[in-house]
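As written, the chains take the letters A, B, C and D, and residue 1 is the first residue of each chain.
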């Protein structure tokens, strides 16, 4: 990879990020949204790790005869970020399971429709001028 | 190059697919390839973790959820125009931002200049371990890792708040998720001890090679997940009861914190491992070992607890 | 003494696993209470110290910055930390009865753990001096708050929490991208170091993009109009304690992050002059004020009403920052403080009503003046502060904000700010009329006044609203000091 | 007793009194006794403050500092002392009256009533003694909020609507106009302290001054200048003692007091003469005087007629303040005092008639003077005062106003005063005439009122005593105007 033109990695990472981001904001299925979110985050990791690469470097583990190491700091940051990512996904999935039990659906617009119907039934309409969407 | 192209293809396929099972599988492959990419970029620890977490844990958790929520996605009712605009603007901003970025691999980039050299040059001496990633992770930026452990712990608390802790009526010993397959059972039976051993190796070898508490915890949890999948719900729970897992997780973070507090009571800053022994480097070593253990315990128990919580839930009628 | 800097965060953070281990509701509550009050005490001492002796730096792990992570508490951080800890301390007093009623019994201990994690995460954000560490704390508090919000009894708490999770994670990822770009250009993550090294490279597209991503990411967490869509439902359906705590602290901490990054790390020169953020913030702030207030007027669910009002109040703060002057920033920081007092009081009081009556829509609120006289009176006083009637804290905020706009000759903005106040008068008064002019619903059971453990925190905050409307040495004094430090005398 | 302590007590006595009233809630006699005693005590305090005062070095009491460099401070000055004297004198009298009225009229929530009453007076004291505009504003807003439960006392739909209008207009004008004017002034001059001669230096352009003056005066919704007058007639749904309080003692007086304070102590009489907006406001005031009088003429409801009369009378004060000559300010200041005595008498009478005879319309009052001679005699005194004829209080202030208008050669103002005097006569004198000289109507058509009292006599003693007392005072100040006149002339620097 190291011989490639300088910004190529970043651009692909950007493209992947946006693919994930697109899934998050365009898809109505909550599970798919979470997949998108993970995709988005994973691509940000690529962006970070690319930053730490040094040409002709080696993995930052002390070894005989190696003088050029890649930067360990982005690696550490991304280890943390991976954990954050999986943690978020887990919480999101638990929420999806509960939403599915409460609404019988994991599609955003169906949930919205059921809330609105419930509002009408109880007359508890908040009368909100806007429809929340993610 | 090839890897990146594959990644793009997978991402595009994931957008198109309506079968969520395939989407999740694609995501796992995506993670695996990302891990390979990370190897290529010299980030072995990250690659290890991404493979274990992205391809393993995340995938399993997503599949467990799909079991409950259904496999097919409905076609979205609203058009893709607005999201495309948002994504377009964001992407353009990102590309714009990279235009002045240092080129990939440039050793003169600021990232390689300011802070990093000390980690590389002094790390092995000051902290006393060859794996600089572990040194930075557990010592220089040990507090981030402390926070990271809490993130995992928080996720566990969150999932258990949402789904509760199931044991008893919800568990059905003997029923397996995959079905009764003899070959699989035999193979798994042979593999599990190896996995457990490997987990221990990764746990305690993080100073020298890739690995550490986080990876070890995930691997250990994977062993139980595998057992659970193949030998049926219930059996695995007899080995490690769900109601103990979150407590174990709490103990893990407390172990980490206790190391920090010990330093505090010794009059040093929080998490200053040099307070643990007379010789500062020796103290560092001991400290890293202990906190990695704490991380491992927490990660293992929380990942497993989350898996139990998701997989033990009965499908809504 | 130095160690307080870390203990203020560590104690609530580590109390969370202790709560989980205890696994009983009463001991968990007690642990949370002690932890919160400890942090509050520590925050007071820290603020006294940093305001007398200057910023306090604490190297975690003994590694000096920028190699290690440091906590760095200055007056701005100490001030926001004080708000967070004070609210936490009061909310924990309030929580005991409310939580016992609203949360399933076997989950109370974990609920307190989540609450403590939200709290510790927010406190951590205010003290850390490391950009990435800030992200970690942000995630701790966010994840815990998703869980805490989802514990509301209405099923909409779940979808609201999910919505918040998605938008919050997008925000956090944007922040991560932003931090990454800054790191890319400077090679450091330490805030002071960043502030020192950024000017050299600030004329680059990468820094500009990083700035944009950080601002948008924080804007999402801040519920800055039009990124506020997650907030109303999250606040409306979360358990009472959670709403009160989050409303009084979470967005405040986001304002803190905005101030820290925009004004200190990037610097006024770059953020508000080289980049057009000042005008953008004024514009979005105004839109937030007007739209939030207008929508609030039409709400029947009182928690939703106040949630939309929060969107408006965030607009006031952002507007103040956008003015880019000492007075404007003073107003913003002051309003962070005062808004915590008023929204804390109001949401806690609503929680007390919910505790006695169940739901808090305008319909249930009819005749509340007779049914729960003390609680209702607290709501009225909190509402007056929200409107900005003197001598309440809200008035002082408005004063400085309008002064800030008039200093720059922004007449129209000043008038719109005051128009927002009048909209607040309308929605607060809807509530007052329901409470005092409508008879209680025919089937309403006789209820006793809320228990003392609820009334005391509510009235403490109400009293604070009046005290800080009269004696502002501390609130305005510190705010203007911080504003001078951030913007400089010239601005 | 030092002046500072006196000031503090003047503020604290009514406020603590409110608490005492609240505490004495179960014992109506004690509660009202407390109200009355506090009223007397307050008057004595204000009187002793006025007696001890030296204008060169007035005592100053700093209460708080909500804005850095800008304090809540009490400093007595002549006009404020006059306002405080009148309000504290009329309060105990109103309390006596209210005791009779509230009991005879079987009003509910009397504790809330007397508590809010005491807080209102406390706020009025704060307004009177305010040493700067911020202090005045703070107490002005407290007064708005504290009187809200009084206006909406009945709790009916109508009361709620009136309350909305009341608070909405007062808050909208004060937050929308007065507050920005104040903040702008603070920005321009760095002070809001009431200073004889004004605080604006020559560097502030007259255009800005014009705008500020408009904002300040229109922002004073309590002055009921058209088009912000609607709250006053709407607030008539409140019990009569409240109307008396609103019209004579605290609220509207606080409004015109604010206008006069702003004119004299923020702008300065001389500066005012050069501001274009003063003329605009004067025309507006003149329009309000005439318009309100015309409307009053057409109102059959007695209280509504009185309300429009008040609107018209208030604008005399605004008119006087805007003339930009010392005599005008004197007239305005005097009118604050003089109008109070007359108008409170009129309201007391209206309330007495309502409670005793259950009549609220002008057209029902034929011959009532024979059944209620004392009440209607007092009414006549009040009416003469409104018209501005001797030997009643109103004459004095109208005299000074006319002198001021002539001084300034403001023929418009002169004309307005003359025409309005005619109008006043036209809507008050027929009532007096009908009460005494027209034969009583046959008992009202049955079913119109549940409790028709064909055989009613005079009002009960507390009401009768109060209204006669105020009528007597209205006549007395005509003959002995020394104290108010001295105070007002001190203010105007004469």
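In the analysis below, contacts are C-beta pairs under 8 Å (C-beta built on N, C-alpha and C of every residue); 3 or more make two chains touch, one makes a residue touch a chain.
The structure displayed is predicted, hence computed values, not measured ones.
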- Contact-count maximum falls on chain pair A-B
- Using CA atom averages as chain centres, what separation in Å is found between chain B and chain D? 75
- Task: Just give me the whole-number Å value for how far the CA centre of chain B lies from that of chain C.
- Result: 31
- Using mean C-alpha positions as chain centres, tell me how far chain A is from chain C in Å, no decimals. 26
- CA centroids of chain A and chain B: separation to the nearest Å works out as 14
- Item | Residues of chain B whose C-beta touches two or more other chains | 94, 98-99, 101-102, 109, 111-112, 115-116, 119, 141, 144, 147-148, 151, 154-155, 158-159, 162
- Message: Give me the residue numbers in chain A that touch at least two other chains, ranges are fine.
- Response: 17, 21, 30, 51, 73-74, 77, 80, 84, 87-88, 91, 95-96, 98
- Task: Could you please write down every pair of chains that are in touch?
- Result: A-B, A-C, B-C, C-D
- Residue ranges of chain B touching chain A (in the complex, touch as defined): 1, 4, 7-8, 11-12, 14-15, 20, 23-24, 27, 30-31, 34, 37-38, 40-46, 49-50, 53-54, 57-58, 61-62, 64-66, 68-70, 73-74, 76-78, 80, 83-84, 86-88, 90-91, 94-95, 98-99, 101-107, 109, 111-112, 115-116, 119-120, 123-124, 130-133, 135-137, 141, 144-145, 147-148, 151-152, 154-155, 158-159, 162-163, 208-210, 214, 306, 309-310, 313, 316
- Note which residues of chain A are touching chain B in the complex, please. 1-2, 4-12, 14-23, 25-32, 34-35, 38-39, 42-43, 45-46, 49-63, 68-80, 82-91, 93-98, 100-101, 104, 106-107, 109-110
- Task: Provide the residue numbers of chain B that touch chain C in the complex, in ascending order.
- Result: 93-94, 96-102, 109-116, 118-119, 139-144, 147-148, 150-151, 153-155, 157-162, 164, 246-247, 249-251, 253-254, 257, 260-261, 263-264, 268-274
- Item | chain C-touching residues of chain D, taken from the complex the two chains share | 63-68, 72, 137-138, 141-142, 145, 149, 152, 155, 157, 159-160, 163-164, 167-168, 171-172, 175-176, 179-180, 183-184, 186-187
- Note on the structure: Listed in rising order, chain C residues that touch chain B in their complex are 3, 6-7, 10, 13-14, 16-18, 20-21, 23, 58-63, 66-69, 106-107, 110-111, 113-114, 117, 124, 130, 132-133, 136-137, 139-140, 143-144, 146-148, 150-151, 177, 181, 183-189, 193, 197, 201, 204-210, 212-213
